[in-house]
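Quick one: structure below, then a few questions.
Each chain carries a letter (A, B, C, D, E and F) given by its place in the written order, and its residues are counted from 1.
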Amino acid sequence: MDVENYLKQDDRLILVTGACEQHGYLSLLTDIRIPMALADAASQQAGVLIAPPLNFGCSPYFLTYPGTISLRLSTLMDAVEDIVRSVYGQGFKRILVLNGHGGNSGLKIRLTELCAQLPGLQVQWYAWWMAHSVEAVAIRHAIKPDHANWLEAFPFTVVGELPQEDKLPPYVPSDVMDAAKTRSVYGDGSFGGQYRVPQEIMDEIFAACLADILHLLKFES
Amino acid sequence: MDVENYLKQDDRLILVTGACEQHGYLSLLTDIRIPMALADAASQQAGVLIAPPLNFGCSPYFLTYPGTISLRLSTLMDAVEDIVRSVYGQGFKRILVLNGHGGNSGLKIRLTELCAQLPGLQVQWYAWWMAHSVEAVAIRHAIKPDHANWLEAFPFTVVGELPQEDKLPPYVPSDVMDAAKTRSVYGDGSFGGQYRVPQEIMDEIFAACLADILHLLKFES
Amino acid sequence: MDVENYLKQDDRLILVTGACEQHGYLSLLTDIRIPMALADAASQQAGVLIAPPLNFGCSPYFLTYPGTISLRLSTLMDAVEDIVRSVYGQGFKRILVLNGHGGNSGLKIRLTELCAQLPGLQVQWYAWWMAHSVEAVAIRHAIKPDHANWLEAFPFTVVGELPQEDKLPPYVPSDVMDAAKTRSVYGDGSFGGQYRVPQEIMDEIFAACLADILHLLKFES
Amino acid sequence: MDVENYLKQDDRLILVTGACEQHGYLSLLTDIRIPMALADAASQQAGVLIAPPLNFGCSPYFLTYPGTISLRLSTLMDAVEDIVRSVYGQGFKRILVLNGHGGNSGLKIRLTELCAQLPGLQVQWYAWWMAHSVEAVAIRHAIKPDHANWLEAFPFTVVGELPQEDKLPPYVPSDVMDAAKTRSVYGDGSFGGQYRVPQEIMDEIFAACLADILHLLKFES
Amino acid sequence: MDVENYLKQDDRLILVTGACEQHGYLSLLTDIRIPMALADAASQQAGVLIAPPLNFGCSPYFLTYPGTISLRLSTLMDAVEDIVRSVYGQGFKRILVLNGHGGNSGLKIRLTELCAQLPGLQVQWYAWWMAHSVEAVAIRHAIKPDHANWLEAFPFTVVGELPQEDKLPPYVPSDVMDAAKTRSVYGDGSFGGQYRVPQEIMDEIFAACLADILHLLKFES
Amino acid sequence: MDVENYLKQDDRLILVTGACEQHGYLSLLTDIRIPMALADAASQQAGVLIAPPLNFGCSPYFLTYPGTISLRLSTLMDAVEDIVRSVYGQGFKRILVLNGHGGNSGLKIRLTELCAQLPGLQVQWYAWWMAHSVEAVAIRHAIKPDHANWLEAFPFTVVGELPQEDKLPPYVPSDVMDAAKTRSVYGDGSFGGQYRVPQEIMDEIFAACLADILHLLKFES
């Protein structure tokens, strides 16, 4: 009944999408935990409601790493469509999708199609690791962000013992590889570079993303 | 990498399905929280791995209650199929589905179809609120269990102020009603009866379910 | 052209769903014949039109019994949706689904979704063997109803020589079993109990169901 | 259990597909009744098993005629696929599809795809009204066969009072018309020509089809 | 921007469907090239816009001939639906589908369904090789038209050395054969008859089709 | 029959995907023409076969620009899957997808899933405008590449009069906008920057892409 009251004064919702997939020495749910932490922080400041996270995304290339669970892209798109239609029917018109996983980007196509079908629906999409603000932090500190390296090594995602040595980024022979090939290329699962950076840099990253999100939640057009 | 080690000595997995739907004065995630609590307790005793919960189920009848998010049954079946195929490919052969929501029971059909396609796959299905052991507790205390009444009012699901008075179960004109009709029938969302019972009874319920689950995790056939 | 005249004064339709599946010593079409017989009787009294039956349902667990034909649940839901949309477009607004088969219950989800999309559509769902009135007859005679036992042994469903001896209900290790396992559990296909009861009891069952159906055809809300 | 015995000595099955659609003064189930009558006659002579008919086909163009029920072609293909897979898994390898309805011809594509996936599966397709043998009868008697004219006016399909006068075949402006346009073009539903011919001619038609079917049931390749 | 101007004075579009499949000594794209050539000629005279061709159709029976690419019928129907919806939303209301391939005829069902959903949409369907006017040419010259024989041997489709000798049409045991069987029946891919006729006859065929198309483009109803 | 000979000595195929969508003053088929030109050039040097292009892609955001035709992403994925399965069954094992359109990138997920299902299949994906080599050319000349600006203005794509003045890149309020919003943001369709650069630079771009493609065609892993 709280949601009904909320809708009397706001029509915004944050939806977190991500993945359950290998992240080297980080949590299998890294791609959920990061956007969820950002959503929580943003919600505290902006008072915007957060939907329960969809804990699975598209990660077919990592299926040889046990613990990875991958939805077909068609399934993922259907699920997000069902979620959006459910809340749209209740009055949510402005939805910020906080996406934590690159394999999910096909969702933008389905969301665009939905915008054509559901009058008044506005959608913002934020893929935090691709933000200009995050790139700026990385450039400032001269470190290269990538999957399962320092970029995602937040205190709430690290679950294993991080190696001390940097990892040489492997040669990647193709953009489309099956899961067996992917594992032979990536080994421990990290895409290479530093495994960890000082916490101050992680705080900078987080703060930069949070600022972006708070801006997007204004839904200026 | 922990999952890889786990698979060397075990091939069991618990998958929690449920719903994000109105539960009167209880959490929108009641149907996830209860099976998840049971899964956690069972995992501590039996050491069986738990997959991240799928936070959404089939609740089209409650869509007029804001906060309810419903997947189409076809979407839900596809998502569970994708999850099962992902982990089956990694070596999980015995899966206990802890389902927290009645609208998801069509999943059993898809799971049966999967058993025919994936050699060696064994599936157990547990819908805790329909268990004989739960019925026995209810009969012993002469209380009638139902949606969003005392049956689901655990400490970790109550989020609102529970009414003191019992609710007279409403007349339900049809098994298939649209969401508007459903809301006019059910009002606050509870299906009626007592809103709360002493914690001892809730503990009995929980213990009964836990015992059932520990038995099912033996996958005796 | 008769249907066009019918629609000038009535907007009700009976749709029979069921299964083509093993029933031990009973017809493969038992789950169609019973609701169809009930529909015929109800139609004679209430003058409501009956659509041709959909002769197949969801029975993946019985596919090792030759003669069983199973639709995927997604196919079944699509077929019923197409049927409902076809007749709705012609003016049928009140539809009673007489379902003869437990594996089809996922249909209720799709029907609920359709009610949200097709204004004015009312659906009643009747699964005769689960009716309180049938339970009452069984309790009165202290006999336990189940799949392919006396409960379904009407004169128009019996096709084989019924055993004289009762069958001890087998131990069922799981709610979700593949078809091979199901056959090893159930053997001749009956779920156990008495194979036959006196015809008077069958008449009671039939009469109880018919009364229920005639009531539902009033579509009181 | 009879089917199991049958499979020990035969692996052929007849599957009847058709439609529930307007046929002017003939039964809505004309497209089922005719192939079913042929199947029955063939079965008596050749001893081949018949599956229950799928009572619905693709008739979107006739939906403005009340009583017509149309499946989407995708639904119909899925249903037939599910039927074929069900019986194939039990040992049926040679399937004769007796199709009674032109709108279903897309099924041949799906059946061909299935033949590539199910080793040893042989399918014959018979659309009786398009047979050379039927054409020969029509030419011999100088009468033009068409939908809902004499061609389908068997004793078991006529349900209304057939007009005495022939109908002038209407001008058909397009192969693809919506249902409203189709009705304005066809009026009473017949495509024109004679409504009835002497029973001897109908017997010739039936005998010609039966001979074809008995030949096809030999599955010579 | 040219299309926007076009739509100010016309709402017609030609859509070419066909196949990429073996045609004996003719191009794999024969079924695209012929309707595309007809579309170009018609467009020059009638000024109607042509959409880019959909280069693939349903040809599962020819998949053993390398170079054949077949879409599932469900995929093809979805693609054509997406195309029609795209252009309908922009103002195209009259669409002539120039189909070059027999395996695509299930498309007519989907197009009919679309006509019921998209108000004002008019569709014409032209399968050139089945036209009465083409049949008339063939009869006049006493030659039998068929797949990959003279009928399709236009200067812009012939890519191989055509045999001098006629081919005896093979015995075709079934309407539904898998691709291996199909190849064993048809050998070089032609369905038999003459491989080539004088260019004057081909010109007659082309002119007859063009006249038909120009008539259909008037969308008289 | 040429394809059969080809397969005796090679198992590579180039598949061109793209879009039919507005490109400002460039051809609606720009995203097909560019990769097709590259494919032709590569084929001449490396002798690799090219499949007919799939002329449509995912462009829902441009549907308000007449002439844009968009497939749903699910349709596009199904079509590419059907194409890959068709040719894989004939012996093509190494497929280079030359993609010309950003909205199609979800295809990589489906292709990865296919690699897991089709043993021995190798896929390379090349999105020319995102190549490092193209970026290097742009940086060298200090020009920013973008949709429908100079980057795509090849002699074979320019169909309108290109403006002399550069376009100021518009403010883009969201990554997910409906088609009406997209048009109001982008106006003439170009994403901004220079409309044209000297042909030498275009030649550099083309040469860089061609070199990349020739390398990828080696399928080194």
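Of note:
Operating definition for what follows: contacts are C-beta pairs under 8 Å (C-beta built on N, C-alpha and C of every residue); 3 or more make two chains touch, one makes a residue touch a chain.
Please read these numbers as outputs of a predicted model, since none were measured by experiment.
Under the contact definition stated at the top, no chain borders both chain A and chain B.
Shared contact partners of chain C and chain F do not exist in this assembly. Ranking all chains by how far their C-alpha centres lie from the centre of chain C, first place goes to F. Residue-numbered contact pairs of A-B overlap by over half with those of C-D, the repeat interface among D-E, B-C or C-D. For this pair, chain A with chain D, the centres built from the Cα atoms lie 54 Å apart.
For this pair, chain B with chain D, the centres built from the Cα atoms lie 46 Å apart. Per-chain CA centroids place chain A at a distance of 26 Å from chain F. Taken residue by residue, chain F touches two or more other chains at 63, 72, 74, whereas all remaining positions touch fewer. Viewed as a contact network, the protein chains form a single closed ring in which every chain touches exactly two others. On the side of chain F, the complex with chain E involves touching residues 1-4, 6-7, 20, 25, 28-29, 32, 51-56, 63-72, 74-75, 78-79, 82-83, 86-87, 89-91, 159-160, 188.
Residue ranges of chain F in contact with chain A, taken from their complex: 58, 60-61, 63, 72-74, 77, 97, 103, 105-106, 108-113, 115-116, 121-126, 173-179, 181, 220-221.
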